[in-house]
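Consider the two complexes below, in which chain A is the common component and chain B and chain C are the respective partners.
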Partner chain A sequence: MDKFSFKDVLVTFAGLFITTLVAWVLITSTGNNPSEVAKYLYEGGFKGTRNIANSLYQATPLILTATATLISFRVGMFNIGINGSMYVGALYAGWAGYKFTNLGHLSHVTLCILIGMTVGALWMLLPALLRVYAGVSEIISTIILNFVAVLFVSYMANGPFRADPIAPATARILETAELKQIFPNSQFNTGFFIAVIVAILAHFVLNKTTFGYELRSGGDGLVGVYPSRFSSYLGIPSDRSAIIGMLISGALGGLAGAIEVLGAVRYFFQELEFNQGFDGILIGILGKLEPIGAIIASLFYGAIKNGGFFVDYKTDVAREIIIVLISILIFFVSAQKIVKGLEKYPIVKKLDSFFSRKKM
Partner chain B sequence: MEWIEIFDISLLRSLLRSTAPIAIVGMAAAICSAAGVLNIGLEGKMLNAAFAGVAASYYTESMWAGLAAGIIAGIVTAVLFGLLSFTLGADEVLAGLAINIFSLAGTTYLMRTLFGQAGFFSDPKIVGVEPIYFTFLEGTFLEPFLSGFTYSVYLMFFIAAGLHILYYRTRLGTAIRATGENPEAAEDAGINTVRIKWLVTVFSGLLAAISGLFLSLENLTMFTEGMSAGKGYIGLVASSFGNATPLGTFGASAFFGLGDAIGIRLQGVYELDSRLILMIPYALTVVVLILIGIRQRLKVRPVAIPES
Partner chain C sequence: MNKETAIHLKNITKSYPGVIANKNVDFQVNKGEIHALVGENGAGKSTLMKILYGIEQPDEGEIVINGSMETINKVETAINLGIGMVHQEFTLVPSFTAPENIGLGQEPKNSKGLVDWKGLNKSVMDIAEKYGFKVDPGLKMIDASVGVQQRTEILKTLYRNANILILDEPTAVLTPQETDELFNVIRTLVNEGKTVIFITHKLREVMEIADRVTVMRAGEVQGVSETKNTSITELASQMVGREVFLQVKKDESNPKDEILNVENLWVHDARGLLAVNGVEMSIKEGEIVGIAGVEGNGQTELVEALTGLRKASRGKIMYLGEDIASSTPKNIRRKKIAHIPEDRTNTGLNTQLSIWENLIGNSYFRKPLSSKGIFNLKKVAKHANKLKEDFDIRSPNVSLKVKSLSGGNQQKVVVARELSEDPTLTIASQPTRGVDIGNIEAIHEQLVQMRDDGGAVLLVSAELDEVMAVADRVGVMYEGQIVKWVNPKEVDQSQMGLYMAGVTE
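Take a look at the complex of A and B:
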């Protein structure tokens, strides 16, 4: 994929403008007041310490799932199953959170996170192997595994891991396994910093190291195309990088789930619902498949998501409108020909080269 | 009750009912695969059609309005997919995924905002599709096999047969298969491959709409959030297992239908956890994917899902 360029920014803003128009139509046609919705959206997202903290809390898993998405896309694998990894990661991190006693705070948290990540990675092993060794589309297998994951964790919370006789839930995690919540009345927790550090690390590994280059050589610039022959001519095992990329991607999904349980919910229950794995795909694309872009897009998405909850609470407009609007935005961003069409205009070209020069 | 006793007439009837939505959307996937279009967006088309059907049926209290609205919704979604993938140059997989996420959120949004319902929307004003009874079969041994299904169950046989003829007996079918197998050669032979891709996409929208309407207006008369529950994807796997041929896809779908039907029956017989029963179709899908993998390793048949 190309680096950020001026025309991408232009398309994103044009998309945002049209998306806003669509939002206006959607809100008015269902009998609500758009300016009121906009006001609550802003207040819920950005006004006051608590809302900002909650927006950052919403962004936390998104940063990880978006990074997971972009890593898999950039090794040439379409991993749509990050949501599944998130579920199983959350379940087993929660399990480790109450199962292991007599551990110190740091060691217990680390153990829980590692277990969540391992389980999340293992969840991706079958699709990766099927893709690389048998040519079975990983797109379908990972999507189907999402459905399996939801039912599996719900079965586990109801059966083997159930601790509460009334509600289908596991035991609460021990205090030593908690990621600390910093602000009162907010689920914002130290997991946010883990997520940001992981994304920055991903940026350096992908873009600045040989290992990252080997990983990318399978799919970079070829999003939508499977591990190319090109990399094997260079002597880089693209099969291996495809599998490793999938496992890293799954591990980050598991980490996102682990942070949700260790930092916010503190136990696993049947109704716990994740869709950040799917949001992460949208955000990864919005961020042009770059980890830094993913952080920025996640912060933006987290804020409007939190604002969306406030809108849902205050008005008759359901919070799903946010996802509707973001997917419309994705329609624009993914439409390559709009981006290419802009190159015709000399002013765009000039600004483009200006900005890319500045980057160097 | 012995386990063998679950294999009876009602299992067969349940099998046909479970097969219908998967087979119809599976054939939509098959015709797309045959033309080299990887149509992940079928799931979204089903959902939009299912919702539009219920909403229109609720407002007009007419079954026909519901069916028409559902089919229009399916085709409009298909046109959106075509616009993004063929006209605006978006990646097919990304376009399909974005459409699925858009449709899931969009139908949920509309349901909550228009009807104020969360989870599911059911109302006596929604007119569903009644089963068809053949009076001339009454009393004959064929009655339990053939009578009393809704139209989609009958339709799926005609779709399979019709597509089979289209594939192997018409110029259009040859053009579709040529587009999928070797687009450059097809272009050289004077086939407008973009037009073929548009055609199969719109047609797949129609089929996906029928499948979605089966869920919301025939099998049930209600809409639930995400009610397609992966059937669009299972249809893709069925088409892959069936090598993207109509009859192969139909057979693979019947296999999924059988798993579904046995699950439903087992639930009545044994006290199994409902989640494990619900997992059956997806677990079966994973098994089928592994089988496809083994077949591809053995190189019995060529790869069926096009590598976009």
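Take a look at the complex of A and C:
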């Protein structure tokens, strides 16, 4: 993908500006005070240790699901099934969290995370194999698998893994399997650092290694779609890239679920609801399919999301407004053509050519 | 001839970030003439035509159509002014027939408000008849030949009452016979009072069909002349700014050991039909072997089999004494066989990737570009920039996407990559398709250089001139076989035409 250029920055700010205007109109029209909403949104997102910690907690799974999604996009697979991987990863990490006893803290946590990642990866193996060997569109199979995942984990929490006689839930994970919560009254946990490290690692692998180059050779854009004739022509088996890319993608989805259970919820229950897998698609695109971009976009989204809870709590505006706002924002940020109108100004042209000049 | 002016583009200037595509261009076309617009890739022809057709807006300058000044800020305006454009890449719906494609967007309605198919068919057939086109109204475009598709595109512009037709490199995709037919069509159009702007690289065609010619180089007009008062050599030197040799300069070949020996090769195409049946061929180091022939006679499948992209059904491909018929593209590449594919945009390049990422496709795994799987990006940049210099890839920097390059420069990326790793055998398929004269010459020189350095070269091309000028030995391919081997110095073009039609005796 393109590196960030001045134009992108301009588009992002133009998008933020327009979104603010739209939000203003929207909130006013519901009879609420937009400046009050803005205040609580800001406070909920950024004010005080607890709110900041909660914002970072909200960002944690998003960093992983966004990175997971963009990896599959960049190998040329249009994977929208990360939510499914997140569910099964969470379920099995939780299961490992109470099943294995007599382990040390580090080894137990590591084991739970690895199991969550493996299950998440295996969940993506099916659509990958169907795509490569049977030509089934990964878009369709991953959508279906999202539904299957919800029903599957719900069955498991209700049946085989059920521990609680009253509620359909698994047993609580052992203390040795917990990711530590750092601040009082916040679910923020050490999983955040794992997420950031994994995303940085993904950045390195995708952009600086021959392995990443081989994975990307067939795709690297929203339009690059497996199977790539370019890859096979170079002697890079694009089947392999597609399968490996999907497995990595699924593993990161599983990791997002594992961290959620090990670090915040501490057990798996039937009503546990994830949608970060879907948000991750938007955030991945917002971050221009770059892991670093995904981190930044996730931090932003996390803060807004947490601010949204605050708004919900303090005013009459429902927190769903945040989803509306984010959607509008992505809509405008994707609208590259807004900037086209500005290109005629010499200063914009100059800045753009300055920022798009690179070392190479 | 009527000397009334149909189009006058005055003082057109258009710049993109970092590039001036058109600089004070003055372009004037008379009514009822065939006007050729020639120039290298990136000379600014396409930009100029996009401005005329309303796709781009000029920074400065005026557009005068039939004597009145116009602002063309969208394609609809251009169409309403009677301008029609046939793009190099067709804009047809494959599952639609010719009349359906032609009427699309301007369907006649009957009294019930539904599409009047009969009326549409009739008006299309009337136009076709008027200009002497043969149209099968029931044939879907997916089943139609390239020539028929192109005629459908032309009819589409005529259906929209175009008086000025812009044809963007119309012959690039045509066989010689189809080119002749196209020229007849163009002459009929002009006889019926239309004006034709003909964009091309091929100077011989300019001399054959055009009345006047405008030559562009580096965004500026180099000269306007009547074809009867100019020559190919003069036009060519205007185009590249120096004398060019349409002949390829090379010494006698000095073939030595055999590199490749193909024995009784059979290959099936993607639909499972037999495309190559019994090709025999040998290539020695220090020679260029050419394969001539009308496209679609198995050349594509032959090259795919040689490069491992398609499995041979029968036969042997002996390369340095080893059968590579069932080898993978990767192993074949590792044995120093380079491949310039005929399909540049999907096979030869990933246009989503940057120039440097495309340039290292065959070398990314080796030192010093990478070590233990990790790139040394400084060395990669050095390598990419060296290739950019050596092969004259025109772009501000190698981090830009290949998508942003002109067609000729994209091809230079492919050629640069393939020739960079010192190949023993170079398989070049249509290496100069859509490339301008200056770069054609450069690519030919590079192929001859590969030969002189002791490499073996297989050149497959639908351009007869190219095969005859570059190759030391030429095989003519017809219906999946090589029906004749000739020495290009000892045979003339008309004789070759017969061989290409399968007449060997």
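Note that in this section the second predicted complex is superposed on the first by the 336 of 360 C-alpha atoms of A that agree within 3 Å, B and C clash if a C-alpha of one lies under 4 Å from a C-alpha of the other, contacts with A are read in each partner's own complex, and residues count from 1 in each chain.
One rule holds for everything that comes next: a residue touches a chain if its C-beta (ideal position, glycine included) is under 8 Å from a C-beta of that chain, and two chains touch if they have at least 3 such contacts.
Keep in mind it's a predicted model, so treat the numbers as computed, not measured.
Participant: Considering only the touch criterion stated at the top, classify A:K208 as touching first (chain B), second (chain C), both, or neither.
Facilitator: In the superposition, A:K208 touches chain C alone.
Participant: Tell me which of chain B and chain C touches more residues of chain A.
Facilitator: Looking at chain A, the partner in contact with more of its residues is B.
Participant: What is the contact status of A:F152 with respect to chain B (first) and chain C (second): first, second, both, or neither?
Facilitator: first
Participant: Just checking: does A:N102 make contact with chain B only, chain C only, both, or neither of them? Give me first, second, both or neither.
Facilitator: Neither chain B nor chain C is touched by A:N102.
Participant: Who does A:E320 touch here: chain B (first), chain C (second), both, or neither?
Facilitator: first
Participant: With the two complexes superposed on chain A, say which partner A:R216 touches: chain B (first), chain C (second), both, or neither.
Facilitator: second
Participant: Figure out whether A:I144 sits in contact with chain B (first) or chain C (second), or with both, or with neither.
Facilitator: Only chain B; A:I144 stays clear of chain C.
Participant: Which positions of chain A sit in both the chain B and the chain C interface?
Facilitator: Shared contact residues on chain A: 223-224.
Participant: Going by the contact rule set out above, which residues of chain A touch chain C in the complex?
Facilitator: Residues in contact with chain C: 1-3, 208-211, 213, 216-221, 223-224, 228-237, 349, 352-353, 356-360.
Participant: Help me check something: in the complex, which residues belonging to chain C touch chain A?
Facilitator: Checking each residue of chain C against chain A gives 17-18, 307-309, 328-334, 339, 341, 343, 346-350, 352-353, 356-357, 360-362, 364-365, 370, 373-375, 377, 381, 384-385, 396-399, 401.
Participant: Which of the residues in chain B end up touching chain A in this complex?
Facilitator: For chain B paired with chain A, touching residues are 38, 40, 80, 84, 87-95, 97-99, 101-102, 104-106, 108-110, 112-114, 116, 229-230, 233-234, 236-237, 240, 273, 275-276, 278-279, 282-283, 285-286, 289-290, 292-294, 296-297, 303, 305, 307-308.
Participant: Would you tell me which residues of chain A are touching chain B in their complex?
Facilitator: Against chain B, the touching part of chain A is residues 26, 30, 32, 78, 80, 126, 130, 133-137, 139-141, 143-145, 147-148, 151-152, 154-155, 158-159, 223-226, 278, 281-282, 285, 316-318, 320-324, 327-328, 330-331, 334-338, 340.
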